[in-house]
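Shared chain: chain A. Partners: chain B in the first complex, chain C in the second.
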Partner chain A sequence: MLRVTNLKAAYGKIEALHGISFHVEKGEIVTLIGANGAGKSTTLKALMRLPPPESPVVTGGDIAFDGVSLLGMPAHCVVSDLRMTLAPEGRRIFGNLTVMENLQLASWSRQDGQDGGMEEAIRRIFDLFPRLAERARQRSDTLSGGEQQMLAIGRALMTQCAVLLLDEPSMGLAPVVMYDMFRTLKRLNAEGLTIIVVEQNARLALTLADRGYVLDTGEIVAEGPAQALLNTPQIKAAYLGG
Partner chain B sequence: MRRYTLNILFCAAAVALVWLAQAEMLDGYVLNILMLIGINCIFAVSLNLVNGYMGEFSCGHGGFMCVGAYAGALISVAFFADSALFGEALFAPWLAPWLFPVILLGGMAAAALAGLIVALPSFRTRDDYLAIITIAANYIIISIIENIDAIGGPRGFSGMKRTVNAMADVIELPWMLMWTLAGVFVCVLVIRRLMSSTYGKGVSAVCQNEVAAEMMGVNTNRVKIMAFMASSGLAGLAGVLYAHIYGYVNAQSFGLLKSTEGLVMVYLGGMGSISGVLMAAVAFTLLIEVLRFVIPWLNETLHAVNLLPAGYQLDQIWTWVFIPLMLILLMQFRPEGFLGNRELSDVFPRLRRWITLK
Partner chain C sequence: MDFFLQQCVNALQWGSFYALIALGYTLVYGVLRLINFAHGDVFMVGAYLAFFISTGLLAPEGLFGFSRELTLMLTIPLTMIFTSLVGVTLERVAYRPLMRKGAHRLYVVITALMCGLVLENGNLALLGASRRTLPELVDKTIYNIGGIAVTSLKLWVVLTAILVFIALHFIVTRTRMGMAMRAVSWDKFALPLMGIPLDRVIVFTFALGSAIAGLGGLLFAMSYPVLEPYMGAMTGWKAFIAAVVGGIGEIRGAFVGGFLLAFVEVMVVAFLPSTFRDLFAFSILLFILWQRPTGIFGKPLTTKI
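What follows is the complex of A and B.
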């Protein structure tokens, strides 16, 4: 579904990705793990075609979505045409809007805004995260961290995405909330959503994922089925705390 | 019903004012201040779209008012005045009340176009850089106009009174007051409707986080450019009204000082609050007028008690000591302005039974 070949990306003159290749198939959960500064978030930003200066410029290689290169597309077209979106690091909900308005913003990327599709989609999000339904009319900056993460994911799902990229979804969450979140992600995956997740918490990510890639300073140093990576001694030592 | 209370209230107040003016119960000075308040309302509320709702920092709003004022003035003179520049008047004077909206729209379109020209290159940057670019744009606009001799250059441009008089000849009404009130109404209506639409939600999203907005499929560039154009277009409306009320425009009156006035009104009222900014625009205009009387009084008093040296006179330039001082105090003690980013109906929820801002 998504095929990245020899991707090079740079912030100004500093190259952050030195030619990485990986692929994601439909219905998979794939995780990218690695230390700080390994290039995990950079990869996601490059995939989403986010504009510089906060995001890198792709200097080489290709990203193909269903066989078509997406390098010529602006980010909002990747969202609304290819149906791939990102739940950014640190949630980034729109604090001055209500929960409902956050979700309704998806009408930018949907064609069915007029004929009731939005209401149906919002109902589905509320089924998935009942807490959000309780808080629908509340300004979203009054939500707790866990609720904000629910909103960030719910909001992303509102774009009808087929591929969901998650940047550090566990960041700042209590363990209970975090496990809950990952169970929900597993359920969404079972319903057909393809997920690419970037995590500091490598053990958790590998437990969730089907396959994993290990990034180190802009290069992929290991890859394989998640279970195998979990049991590789070097990876255990370097990323899973021994 | 609730939806219309505000509109009805405004219309009732407008009719009352027009009636008072028509019955000559308001003298020229009061009438002028009323119209100035209206212009400042439009100017501040339109700036609030960019600086408040979108969270960008535009410092050159006066420049767009200038473009609107000159464009409106030129169209007006071409339509209804015999001038060296355009030759004979294009239309008969009795058409003036009907064609005045065209003049307003022309000024707005020119200002919006200027906004587009500034926005296209500058919205690749943000924050401080956008502030610097808009300051530069303000200077550029004024320099360009000052250096076109055909439209008066530094001497300014006049002749618009002909149009105003032509309107009064058709029917004797306080025309400019009516147009100003209509302008305020349209401006507030446009921004209210815009901010409750999908587009407006996009503007709020851009203000909060551009990456996240883009990830919801919001075309952030388009949103920013459209909001900037709408904002400068409405500033242009303020400009056309200004040009016709005074019958004379000079590029110098739309300099950085004018832009600063706009910023003061927005920050005084509260960023992202229409009702707050409207209150601030009224208060600010009145304050400047009050200072006009207070400063001479202060001058005399201080001289009387020998606190000022005999050779020094406290003059009107001190307005621009008091106003920035007020801004400093405001930032110290109430940095969010009158209402912060809330509306009057959020501060007094009981009002919601009667009015709604959507």
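What follows is the complex of A and C.
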């Protein structure tokens, strides 16, 4: 479904990805793990075609979605035409909008927007995250960290995405909330959502994922089924705390 | 007492002009955190467009020879459309390329100042220094309300400003595009991730602000029918200050700030020598800002990055 070949990306003159290759198939959960600054977030932002300076410029290689390169596309077209979106690091919800408005806004490019698709999708998201329903009329910057992450994921789902990229979804969450969310992600995946998740919490990510890639300073240094990576001694030592 | 009330009527009219211009400043600032210093000159261009459109349409000299009523009915939307095109062109040609390259906001603001000068002097070069006079499009009916003279035009000006304010408030709080504008003002980064083209939201913001300035230009030219290329400079500056005093980025602020400035100005002139006007007006505004640096309705902004 998604095939990245020899991708190079840079912020200004500084190259952050030195030619990475990986692929994601429909219905999979794939994780990218690695230390701080390994290029995980950079990879997701490059996939989304977000504009610089906050996101990198692709300087080489290709990203193909269903066999077609998406490099010529602006970010909003990746969302509206390819139905792939990102729940970014730090959540980046619109704090001056209410929970409901955040969800409504994200339905901008839905194809079923005219025939009640938005209302149906909001009901589904409130079903997944009942806490959001309770807070629907509240300004979203008053939500707790866990609730904000739910909103970030809910908002991404409102775009009717088939591929969801998640950047550090567990960041700053209490363990209980975190496990809850990963269960929800598993459920969404079972319903057909393809997920690419970037995590510092490598053990958690590998437990959730089907396959994983290990990034180190802009290069992929290991890959394989998640279970196998969990049991590789070097990876255990370097990323899973021994 | 009559004198005071008469001055109040004048202040309401001037406040309407300031408010109509201030709303454009505050819209663009609210969404992009950019002070569009060319905005006062967009107002001037609006007045000139109103002049060319109305003289072009009106009988007997105009090409079309329309009646005054029909001319006014057509001049309003046409002025707003063409003025919004001017604002959108500025964004497209001057600001967007800079912001794309990640230029610091300061350079965009300086560019805006230069764009304003280009509009003023372009107008001067193109049309010469001779002043233009807008044809009279409405009869000046004078109503006498309890001893106070109010022209119908003044009523229309004030009513228009109020309607524009209500419409703008509705757009920003109730429509999907308004929601997107508020979202951009919070965080531009995440907007494309919702499948929304950021550029379209920005263009809409400039178009809206400029259309309102165009409408202000038309009403101003109808009230004070002598047009000259620098008419937007001082009025634009004052409207900008009104927007800041009201709390820039806040629609209510621009509206209230505009009327506040006009009241101060008119009252100073009413009771003191007219040369004191700007000195007093701006000293009072300075005092308000000193007490409330974020303006009357403004909230302190946490700067990111």
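Note that the second predicted complex is superposed on the first by the 242 of 242 C-alpha atoms of A that agree within 3 Å, B and C clash if a C-alpha of one lies under 4 Å from a C-alpha of the other, contacts with A are read in each partner's own complex, and residues count from 1 in each chain.
In the analysis below, a residue touches a chain if its C-beta (ideal position, glycine included) is under 8 Å from a C-beta of that chain, and two chains touch if they have at least 3 such contacts.
Please read all numbers here as calculations on a predicted model, not as lab measurements.
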item: Fit or clash between chain C and chain B when superposed on chain A; value: clash
item: Which of chain B and chain C A:Ser109 touches, first, second, both or neither; value: both
item: Partner chain in contact with A:Thr43 - chain B first, chain C second, else both or neither; value: neither
item: Common ground on chain A, meaning residues reached by chain C in one complex and by chain B in the other; value: 48, 50-51, 54, 74-76, 79-80, 85-86, 88, 92-97, 101, 104-106, 108-109, 155-156, 158-159
item: Residue ranges of chain A in contact with chain C within the complex; value: 48, 50-54, 74-76, 79-80, 85-86, 88, 92-97, 101, 104-106, 108-109, 155-156, 158-159
item: Contact footprint of chain A on chain B as seen in their complex; value: 198, 201-202, 204-205, 207-209, 211-221, 272, 341
item: Sites on chain A touched by chain B in the complex; value: 48, 50-51, 54-55, 74-76, 79-80, 85-88, 92-97, 101, 104-110, 113, 155-156, 158-159
item: Chain A-facing residues of chain C, complex; value: 100, 102, 176, 179-180, 182-183, 185-187, 189-198
